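Presented below is the structure to which this report refers.
Letters A, B, C and D mark the chains as written, and numbering starts fresh at 1 in each.
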Amino acid sequence: MRATTLDLVRDLEPEDTVVQSMPDVSPTKWHLAHVTWFFERFVLEPAGIARFSDTYHYLFNSYYNSAGEMHPRPERGLLSRPTLAEIRDYRAHVDAQLADLLDTDALDADARAVVALGLNHEQQHQELLLTDIKHVLSLNPLKPAARRDLRRPASAAPPAYRFRRGERGVVRIGHQEDGFCFDNETPVHDALLQPHGIGMRLVTNGEFREFIRDGGYDEPAHWLSDGWSAVRERGWNRPLYWDEALETEFTLGGVAEIDDHAPVAHVSYYEADAYARWAGYRLPTEFEWEHAARAEAVRGNLLGTHAWHPVPSRDGTQFFGDAWEWTSSAYAPYPGFRPLAGSLGEYNGKFMCNQVTVRGGSCVTADDHIRPSYRSFFYPDARWQFLGFRLAKDEHD
Amino acid sequence: MRATTLDLVRDLEPEDTVVQSMPDVSPTKWHLAHVTWFFERFVLEPAGIARFSDTYHYLFNSYYNSAGEMHPRPERGLLSRPTLAEIRDYRAHVDAQLADLLDTDALDADARAVVALGLNHEQQHQELLLTDIKHVLSLNPLKPAARRDLRRPASAAPPAYRFRRGERGVVRIGHQEDGFCFDNETPVHDALLQPHGIGMRLVTNGEFREFIRDGGYDEPAHWLSDGWSAVRERGWNRPLYWDEALETEFTLGGVAEIDDHAPVAHVSYYEADAYARWAGYRLPTEFEWEHAARAEAVRGNLLGTHAWHPVPSRDGTQFFGDAWEWTSSAYAPYPGFRPLAGSLGEYNGKFMCNQVTVRGGSCVTADDHIRPSYRSFFYPDARWQFLGFRLAKDEHD
Amino acid sequence: MRATTLDLVRDLEPEDTVVQSMPDVSPTKWHLAHVTWFFERFVLEPAGIARFSDTYHYLFNSYYNSAGEMHPRPERGLLSRPTLAEIRDYRAHVDAQLADLLDTDALDADARAVVALGLNHEQQHQELLLTDIKHVLSLNPLKPAARRDLRRPASAAPPAYRFRRGERGVVRIGHQEDGFCFDNETPVHDALLQPHGIGMRLVTNGEFREFIRDGGYDEPAHWLSDGWSAVRERGWNRPLYWDEALETEFTLGGVAEIDDHAPVAHVSYYEADAYARWAGYRLPTEFEWEHAARAEAVRGNLLGTHAWHPVPSRDGTQFFGDAWEWTSSAYAPYPGFRPLAGSLGEYNGKFMCNQVTVRGGSCVTADDHIRPSYRSFFYPDARWQFLGFRLAKDEHD
Amino acid sequence: MRATTLDLVRDLEPEDTVVQSMPDVSPTKWHLAHVTWFFERFVLEPAGIARFSDTYHYLFNSYYNSAGEMHPRPERGLLSRPTLAEIRDYRAHVDAQLADLLDTDALDADARAVVALGLNHEQQHQELLLTDIKHVLSLNPLKPAARRDLRRPASAAPPAYRFRRGERGVVRIGHQEDGFCFDNETPVHDALLQPHGIGMRLVTNGEFREFIRDGGYDEPAHWLSDGWSAVRERGWNRPLYWDEALETEFTLGGVAEIDDHAPVAHVSYYEADAYARWAGYRLPTEFEWEHAARAEAVRGNLLGTHAWHPVPSRDGTQFFGDAWEWTSSAYAPYPGFRPLAGSLGEYNGKFMCNQVTVRGGSCVTADDHIRPSYRSFFYPDARWQFLGFRLAKDEHD
């Protein structure tokens, strides 16, 4: 699995791996080192293995206050060293030590659970690495591609937007299947669903274009107050990577024509919410989403498709892949939530404020890394991830 | 009722009414004019009565985009004119016209509902006016009092902190009584309560002091990530108006000794949450709060007590008044929520993002302005209001 | 003389005297108190007279680090107290004590020199008070007048722009006459004048309008690099108080038509320099100016004219009054410069960096407060003072 | 000469060449491309040779508004492409075309003058490249060296500080020798020198350490007002690259012990001025400096010494190399100054405001790139260059 990470950077130059285009973005090099640090810090160190470098320990701690001081996040792009080659060495070093530990059965069940967490953590950073380098390259007037051999499936119009009547009443929410999950998917608990209908696919570029053409970005009545402020202060008038003419967009494969049949992505929560309001609908809650998604197969346009870009739904049903979906739910702990013990308790719990839950994974989510109970989360003004949305509506008895 | 507003400023000087100490704060003069503008814009204008002044229309619109352009909020403190005396004239002018309309039965039911809304709106600004001038005067090294004749009830230790076992299962939430309510209290709907216990009173200054003495502001483990950032960036180490020695605090009556028996106030959501985490508890949801509050009489230390400051609970039960209580609930629309029609739809709905619901009213909330279903809301870093909290805990079957 | 200061605020409301519209501006109230503090701190205190108030001592120190801690300059507008009435009392109190001291011959020559400095200091603040309140009122959509009885002299076109051949070679510069001067006008020293011609009057609004019409604000070739940055970042495209249509301007008497025959004012050094470059000329050095001004009578449109606004030159010769004139000279110490002893050494010397010398006084400079050797100084981006300019040119042998 | 530029980056990794550590700093890659662009834009294009790339034209224009739109300076560090290898190709391409032109005598005298300017321009960027990468690497906790084979001459105490009585009266200033000069060194003109003494060497680290130990950074009386603001706002308490213990400093060869005998460098104008004031002296004017330097041989610790760091003066006389010297002169045009024609007129003239003249070159100035009339200039708060100072004093007749 960790080999996948290195494959993602195959077509990048060393220079590409240095840049931090905004504080939210981390340099490619940093991602490669940080996921390695995670294994070193939470598996090797507890097993008594000495650090590769005290400075690396400082540089590649992301946000674990209990693991010690760390390099300030907005200054990750100031670090030209260690070089990409040195970080590959660091990865190889830690991988070898980890392999030794795994071979010798030196790790108990708890430690093996941390290894599993580390692998899932690395998958999360595989996605971040790609969305971050997309942002970096998009700002370069030369518009370089992050990858040269991506697939671009043939496009066709998806079926018209369709709602399914949702379950109502009390349902079980949270990770109920076997296998790995993050702490924020627990505990399983009851949630109450109101009468509602839920859209079966994501909103498309073509549909979003109608909102733009109708003056959607100019009419405050569609917008939350904070959203309207963002629109005016940042000059938003289209999804993040669209050109001014609304004809092309920047993709991981370089500049491409906008496919009106494909799901819209790189919109903020505010834009998703405004579109829904304009269209006479609303966004689904994360519980409505999860319950509906349980009825669907966990497959879709994920990392393995090697499109690395949203593609049209063929049959009008789309729940996994393409783009993370903004829900109407603030990211909050489930009733009775307990974070992991120790430093790993900082993994998810401390972010449960000011963010919005997104669901379903994207076109750069690892294929085995998504499930109905999976919760990710972003601030409502985030746009640099593959972020799209589906619609929902109230039903009346 | 509108006479009350003018009584609140009785001990202020004209100079006091000009200052805007931060963008969240509005000058006293502006509050007095804005509540007047509200009646003029939403009652008199629809009744065909000409504006007092086009410039006033621009200056005193708060945030109603659909009512036209408005003066930028952060620049309200740049306006020395109209003077306080001119604004009193404006109030008298609009009051007279409104009285005429009400006398002549010229207003239909809808318009009379807007008058009721306007009166409740003015009560909200009575509270804001006092909390805003408190902030203004607190920054003055002369530490002037906003009011000279406030009552200071005798202090005594409240009973030890006590939890009541809460209702579990589906309960009815929202405004179910007769009388006025805001749109954000509707519609009545079901909510699911998990097994829980709810604290019977607010946390006190003395209890919060223990958190400080235990190094609560220095230990990131207690804090949400955004809260910890706020602590470090803004240098927070005590409630807003406490002095460095933790002995005195600034009040609407000037500098006073901190009463350890009284509820702590002027803390952010982050501080409330950190205290609860440190103490091994959590904050209640707004639904837990509302259901518990329905069992209590709607009375307490409100504006009419004329203390204008939190006071100790005598019997250990405190639900209304003293300080608004941070809940753990993000401020969101109730299922099926529909904002008011027209411009008044901007009153509440567009703020349902990034804010936290607070409940219960404060020591400067009008006595007839609070009820179990009442929802107010602030950004989680807000501290300049009378903001305190109670504890809650999970129960297990 | 101090009575003049109070007369300047005759038509202001108490509310007007509170506002600080930008950090460069001080509230009217603050000016009235600070000039009083100056006498108290530098005359009464050394004479053993107790302070009126320790808090006032802190609040009304402007920038004298050696006189103790002081209230931060950008927060002067947060102070509603002391009120205007209280500051009048403070003034009366200090005036009475000062009068006593002067009557009893208790002050030695040094102390009497400080009194003279204090009076000149107050005259400087008379000008600042007016230019600051002009800025404050200009930002108010009601556009109130600071004064209601100002004179507006009849307008007529001045003679065409004319240069006089300047002195060349070594000349004496600095205060060589009897009477008061500031330390920055000393010592008298030699300066070398290159062959040059100096314009006889200020550039007019009409002449500056030609620069605008010719696209002067759109052509980087006319501008210093820092000036061009200012133009783009702040959106400058006309003098500070002109309206967008270039027809009216805000004055101390309210909104008035722009008089094309009057000197242009409220332009930055960058605009003055750009105009000169566009016109094929340059600004004079402060030495060229001073030497030329010595040939002229010290009179003009000063405070006593009671126009409080620049007026056209009748005879084409204008050296004193109307508007301070940007020179091309960086504000620097004269060779051998020694600041005053003690705290008063901070009066001028520490500002001799990053600023530009201006000369000649303005329409709100006290009539007996200007002379050929007088040097004032502003940052090159300043515009809120009455700041204009004349042209100069190189002569070749 | 252009080969020298590439030699400077010999020990850098491709990753090092990407980073922009602050807006004043440009990435190494950018310097390599920009100096190439200069030849392409100002020599090849006028000769009718097509651009290598329109995007490069946009990316590598520094500040020539008349040459077209340009990439924003603060965003140079966002550009991972073109890579270092691609920029080397660009250099080779332009070099080849330039060599062809020079071989074939296709360039007239004016064009050959621009080639000479381009070579001097490249020498300036050789220095900037080194000082910029020093800043970049200094911020990396790994503290990498920019060069591994630097010489470190043996250290010995220089003679005690000594002043030479300077010329007084009118002297000739400006480029009077044969050979290349920049436009800002012209025209030759008279300047008036006051009676003065000028120090014979730079102030040393050891001498500056005394200022620190005496509380120099804590006493506002030593500082210009803007300097004192910088000290407090930026927390300055020692030269830029010194460690907190005042024992080591970051150099182009990595971390090294501070040599108390060597000249202090990386201090702002404010610090130089404060030291001089504390010591009872002043900084020299640029005219005093130039006249004194004419008496000295143009040699010293320059780039060719390959120390790339200031070294002690052996004989107590130091005028060229080691560190640029802050003068007391604001950077201004000489009387009768005319900038170059066309776009190259933007080279120097438009920066003649808000900056301070520095003189003498530094340890990373090319050996044949310095002369008595050479003027460079920086904002007074600049510290990242090799910036030191000498003392001067007034003499009295």
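By our rule, contacts are C-beta pairs under 8 Å (C-beta built on N, C-alpha and C of every residue); 3 or more make two chains touch, one makes a residue touch a chain.
All of these numbers come straight from a predicted model, not from anything done at the bench.
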Identify the chains adjacent to both chain A and chain B in the sense defined at the top.
-> none
Taking each chain's C-alpha mean as its centre, the one farthest from chain A = C
Express in whole angstrom the distance between the two chain centres, defined as the mean CA positions of chain A and chain C.
-> 58
Whole-angstrom distance, CA centroid of chain B to CA centroid of chain C, is 46
Gap in Å, rounded to a whole number, between the CA centres of chain D and chain B | 58
Which residues of chain B touch chain C in the complex?
-> 13-19, 21, 29, 55, 58-59, 71, 75, 77-84, 136-137, 139-142, 144
Within the complex, which stretch of chain A touches chain B?
-> 63, 65-66, 170, 189-192, 194, 220-221, 223-228, 269-270, 273, 328, 330, 332, 335-336, 345, 350-354, 380, 394
